[in-house]
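I've put the structures underneath this note.
The same chain A turns up in both complexes below, where it pairs with chain B and then with chain C.
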Partner chain A sequence: MPPDLEFTRKTSFETVGARPARPDGNDKVTGRARYGADVSVAGMLVGKVLRSPHAHARIVSIDTSGAEAIEGVKAVATRDDFPDIAPDAAVEGEGEENMWDVARNVMARDKALYEGHAVAAVAATSAAVADRALKSIDVTWEVLPHVTDVDEAMRPGAPVLHEDMRTKGLENAPRAPSNVAEYLKIAMGDSEAGFAKADLVVERDFRTEAAHQGYIEPHACLATVSEDGLAELWCCTQGHYGVRAMCAAILGMELSSLRVTPSEIGGGFGGKTTVFLEPVALALSRKAGRPVKMTMSREEVFRGSGPTSSTSMSVRIGATGDGRLTACEATFRYQGGAFPGSPVSYGAVCGMAPYDCRDVTLHCYDVVANRPKAAAYRAPGAPMAAFAIESVLDEIAQKLGMDPIALRLKNAVREGKTSVYGPTFGPVGFVECLEAARDHANARAPLGPNQARGVAAGFWPNYGGQTSVTMNVATDGSVLLSLGTPDIGGSRASMCMMAAEELGIGYGTVKAIIADTHALGHNDTTGGSRVTHSAGMATIEAARQVIRIMKERAARIWDIDVDAVVWEAGRVRPSGPNAGDHEPMSFREMAALSARTGGPIAGHAEIDAEGAGASFAVHMTDLEVDPETGRVVVLRYLTVQDAGKAVHPDYVEGQYQGGAAQGVGWALNEEYVYDAEGRLRNPGFLDYRMPVASDLPMIDTAIVEVPNPGHPYGVRGVGETPIVPPLAAVGNAVSRAIGRRMTHVPMSPPRIVEALDG
Partner chain B sequence: MSHYRVTAVVNGDSVDFPCDAGETLLDALRDRLGLTGSKEGCASGDCGACSVMLDGRLVCSCLVLAAEAGGREIETIEGMADGNALHPLQRKFLDLGALQCGVCTPGFLVAAKALLDRDPDPTETDVRYWLAGNLCRCTGYDKIVRAVLETAEDMRGA
Partner chain C sequence: MIEVRLGSALRSMAGGRTSFPVEAPNVMRLLERLGETYPELAPVLERGVAVAIDGRLYRDAWLQPIPDGAEVFLMPRVAGG
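Right, the complex of A and B next:
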């Protein structure tokens, strides 16, 4: 933590905690805000991608001569236009991205590994010409056997995606290739000894299907490469520094030659933390010598971008007769699509993190299958593991005749406790969340026939990471913040509020922009619930630098020692009578004097934030199941979560509500459905049905505030955790309503009917 | 492909543009007229991000051919504010934080205004079913539905 941030944390606030309109709001309610596809330039070409129709096929040859001969086609790109990448090259995206994988995902080389895998691209003078060109590209395929199911992909004899893949992490290094990229065992204590102490053991197998992030804005970008090799890229992304690093690595460019400007972003939820079109658009532009704009259709988003993993899990938990958890042993198998890197280990630790259970063994398998490369999706990996763990806990509560919140209270981690997640917890708000749920009016709402209440908890560790911020003070005392973290849901407002709070000036005086990659030092991607924490910390640090400069200048004006100048309520004043009789000067007065006192006043912060505060949530839902059709109606939904300190409560509530809605969709309906040929059957919003307004009730929220000691205002990230409990909360409610334990997400009507008949 | 010349009224202004036979009204608005407030989320009429009013009727502009717009009146999100004065719905969306990423917001606002124009006193269920053709992935709809209900109440009181 920067030294300036170590002093006393604020506990009373003027601006933070209020609900002002966001600075980018007017542009977003009038249609002026410019998203990825909203920019055009003169001479621009339309770029389009040819995608594999096969789930798994060797690319014998690609003949592009037919496409190149079409009038209006200005460039065609294939694997031959991208340098091959060293197997161990890596850059930072949301996590560490292996560039060999990312490059092959962006453009297939020897094989197409899933239906929708990009194999060629064209740039043409119109979309119609580009479509015609794609049809004229002649690919010779050698179709191979495929596998899309995670359990089948793990079986000996399954079609192998990568002939050189040997499972890492096994005691005896295997010689045969496998679709299991890695095995990881995470353990604490002695789970067998723990089971010996149990009076009750519940063991279940679970499955969850792959869901897509479902952002409404498809991927889009505009690339312009000039004759000297300098390039500009406009795109919708959660992290333009990551885009720059990945594109530069894939295309062999210097970072300083590529300027990436983030557009407004129409949703991401983790799915816009990597690259798909961007390197292709740059390659096409470089080849054509003209700007190239590319946008994905919704079908391409489903087939060719990154959904989350589908999973298969086995969980066994033991408890004493009075409800104390004694042991957990669980196996998590996550397929992450065609390349390694499923979020299985995140999931595994998050599932048991809320519980003070000392004897835990978790087996994690990272599996590849013939599906699109998984991308991060909000609390990557955690919702599925929480579904399995929290379902078993619910069953334990039922068997012991215990209230599900009481069971969790009995085992909840508190300050000073350690769970399988690892670090010893500081002050955390899990107990407070459970109590708030228990005491909420929804916990006492009457239930009718075929109705039931489900409860589940969720955890996400949160993250800090690298952030760079500049704060410029204009001579009229207004303030401009330059941020490098794309604003995905109101973060500009939060940063302006924290700046105003620290400077003691009005919120309306501070404006914020998201700057391009040339303007600021590196910023990690917007993800992991890191921005309000890390960029907030950097904003506060930059503000404190501005204050320091103003104090120094006041000291010089008054000809007193800087230590005799005090900053108070947005003004400089002498510390006392001994420091001299000088009138206090306001922030605005100091700003106006800047030209005569040493020039522009600006604060910078370049930090690598630690101290992210662990986040806990409890969700409680009431729903009704139609026993004839299996249709579920959500009657009530409550989200309770610890925000540490809610900077802008509207947007905190919005995160809780939005995550819950995504989770309810996943729990009840959303699913990647494959046919026997490994082709996605439902690549559109009609058949991949996300919740609409009439599917949901109002989503009640309760913000718990247990300050995070790692942030000067006590902030905890809030974005990820809201999607962790819903699969289990809904599953527990459905299971109680029908009297059968649901173990397969989504719990669509046919699966519920099947459970009722079974 | 054959080309058409279309004369229409967009947000009160008379416009004249060429289009291809297969071109959608959404593409014409965005690419020919520079009105990029209407968004393409799906191009299949499932997400409502391209909602516009066509002769007073709420439509997905991705499902209307540009050539069909000839001689008709179109209202888009860009025409919703009265000069510098936001429509009460726009103001309320900001006041209640009824948007996060904002990409679905233009479609929701156009659809919600269409509802309030025909029914100044909708129930929560009315609002939810009227807006069921508009997808939002960020908010869970709670604040959107509240904003529409509160705006209706404010406008009835005005």
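Right, the complex of A and C next:
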């Protein structure tokens, strides 16, 4: 932590905690905001991608001569246009992306590994010409057997995606190839000894289907590569530094040769933490010598970009007669699409993290299958594991005749307890969240026939990461913040508020932009609920530098020692017996004097933020099930979560509500549906049913604030955790309403009718 | 002397041993000396780890000091969406 941040932790606030108008609101509702597809330059070409019609097929040959002969086609790119890179090459994207895999996901090499896998691309003078060119590319396929189901992919004899893949993590290194990329055992204590102490053991198998992040804005970018090899890329992304690193690695470029500017973003939710079109657009532009713009259709977004994993899980939990958890043993099988890297271990750890259970064994299998490469989706992996574990806890509560919140309170982690992943928890707000849910009016709302209440908890550890911020003070006293973390959830407003708070000036005086990769030092991708924490720390540090500069200049103006100058309510003033009788000077006055007192005033911070505070949430929903049709109507929905300190409560509540809405959609309707040939049957919002406003009640929120000691204002990230409990909260409510335990997400009407009939 | 412990997600990768005493003033020296002294930790260190010091998570902070007697865990790296 930078030295300035060690000493002051604020507990009373002027600006932080208020609800000012969002700075990006007007542009977004009037259409002025520029998204990925809104950037155009003179002479640009239209780029389009040819995608595999097969779930699994060897690419025997690709003949592009027909396409190249079409007038208006300026470039065609295939696997031959992407250099080979080292199998273990990795760059920081969101987590650490294996670039060998990313490069092969961006453009297929020897095999197409899923329907929708890119196999060629063209750049042409119009979309119509590009479409004609795609039809003229002749690919010779050798269609191979495929597998899309996680359990089937793990069976001996299943079609193997990668002939060189051997399961890592097994005691005896296997010789045969497998679709299981890695086995990981997470263990503490002795689970069998724990089960021996149990009076009740509940064991269940669960499945969850893949859901897409469902961002409204499709992937889009514009690339231009000049003759001297310098390149510019405008794109819609959660992390333009990650895009730069990945594109540079895939195409063999220097980082300094590629300048990436992020657009406004129409939703990301983790799905825009990697690259799809961007390296292809650069490769096409490099070949054509002209700018190339590429935009995915919605169908391409579904078929070619990352959904989350589908899963198969088995959970066994033991408890004493008075509701004390004694042991948990669980197996989590997550398929992450055609390449390794499913978030199975995050899920396993997060599922049990809320509970003080000493004897736990979790078996994790990372599995590949003929589906699009999974991408991060809000709290990657955690909602599925929480569905399984929180469902079993609900069943334990039912069997013991306990209130579900009382059961969780009895076993909740709190400060000083050891986490399931190892370290001891500092101050955390899980108990406070449970108590707030218990005491909320929704907990006492009457329920009618076919109605029931479901409760579930969720956890995400959060993290910090590398962040760079520049704060420029203009001579009129206004302030411009340059940030390197794309704003996916209101971070520009939050940064402006923290800057205003620290400087003691008005919120409206501070403006923020997201700067390009050439303008600031490295920034990790926006994700993992890190930005309000880490960019907030950097902003506060930059503001403290500005204050330090102003104090030094005031001392020189007054001809007193700098130690005799204090900063108070946005002003410098002399303090102490020998400071003299000088009139205090405001921030604006000091800014106006900058040209005559040493030049521009600016603060910078380049930090690797640590101290992220763990995040807990509790959700409670009331819903009604139509026993004839299986249709579910959500009547009430409450989210309670610890924000540490809510910088802009509207945005915090928006995160809670958005996560709940996405989770309810996943719980009730959203799923990838494949046919017997491994082709996705519902690549559009008509058949992939996301909830709309009329499907949901007003989602009630309660913000708990247990300050995070690792942040100067006590902030905890809030973006991930809201999607962790909904699958289980809805599942527990549906199960109680129909008197059958639901074990398969989504709990769509046919599955509920099937459960009722079974 | 610091007692470095493996987070539960890494224990199965180091032959079952969970605790590793080491002298190290900061994270960089800690990772170096763990690698030199305990070959069984190679799969853990090659995978890439974060270090939790007294409950705070450090991902690549080589120069972060480690107080004597601190609670130190090696952990999988955290990402997110």
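Keep this in mind: the second predicted complex is superposed on the first by the 757 of 758 C-alpha atoms of A that agree within 3 Å, B and C clash if a C-alpha of one lies under 4 Å from a C-alpha of the other, contacts with A are read in each partner's own complex, and residues count from 1 in each chain.
Just so we're on the same page, a contact is a pair of C-beta atoms (placed from the backbone, for glycine too) under 8 Å apart; a residue touches a chain by one contact, two chains touch by 3 or more.
All figures in this text were calculated on a predicted structure; none of them were measured in a lab.
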Given the touch rule stated above, what does A:21 touch, chain B (first), chain C (second), both, or neither?
-> first
Should A:448 be classified as contacting the first partner (chain B), the second (chain C), both, or neither?
-> neither
Determine, under the contact definition given at the top, whether A:461 touches first (chain B), second (chain C), both, or neither.
-> second
Using the touch definition from the top, say if A:298 reaches chain B (first), chain C (second), both or neither.
-> first
Of the two partner chains, chain B (first) and chain C (second), which one does A:270 touch, if any: first, second, both, or neither?
-> second
Is A:421 contacted by the first partner chain B, the second partner chain C, both or neither?
-> second
Which residues of chain A are in contact with chain B in one complex and with chain C in the other?
-> 213, 268-269
So in the complex, which bits of chain B are touching chain A?
-> 1, 20, 22, 30-31, 35-44, 46-47, 49, 76-78, 80-81, 86, 90, 93-97, 99-106, 109, 124-125, 127-129, 131-146
Would you pull the chain A residues touching chain C in the complex into a rising list?
-> 94-96, 169, 184-188, 213, 268-271, 273, 345-346, 348-349, 360, 362, 376-380, 420-426, 460-466, 527-530, 608, 610-612, 710, 719-720
Across the complex, what residues on chain C touch chain A?
-> 5-9, 11-13, 48, 52, 54-61, 64, 71, 73, 75-81
Contacting residues of chain A [partner chain B, same complex] = 19, 21-22, 24-26, 28-35, 37-38, 40, 128, 213-218, 264-269, 295, 297-298, 488-490, 648, 650-651, 653-654, 657-662, 684-686, 690-696, 698-699
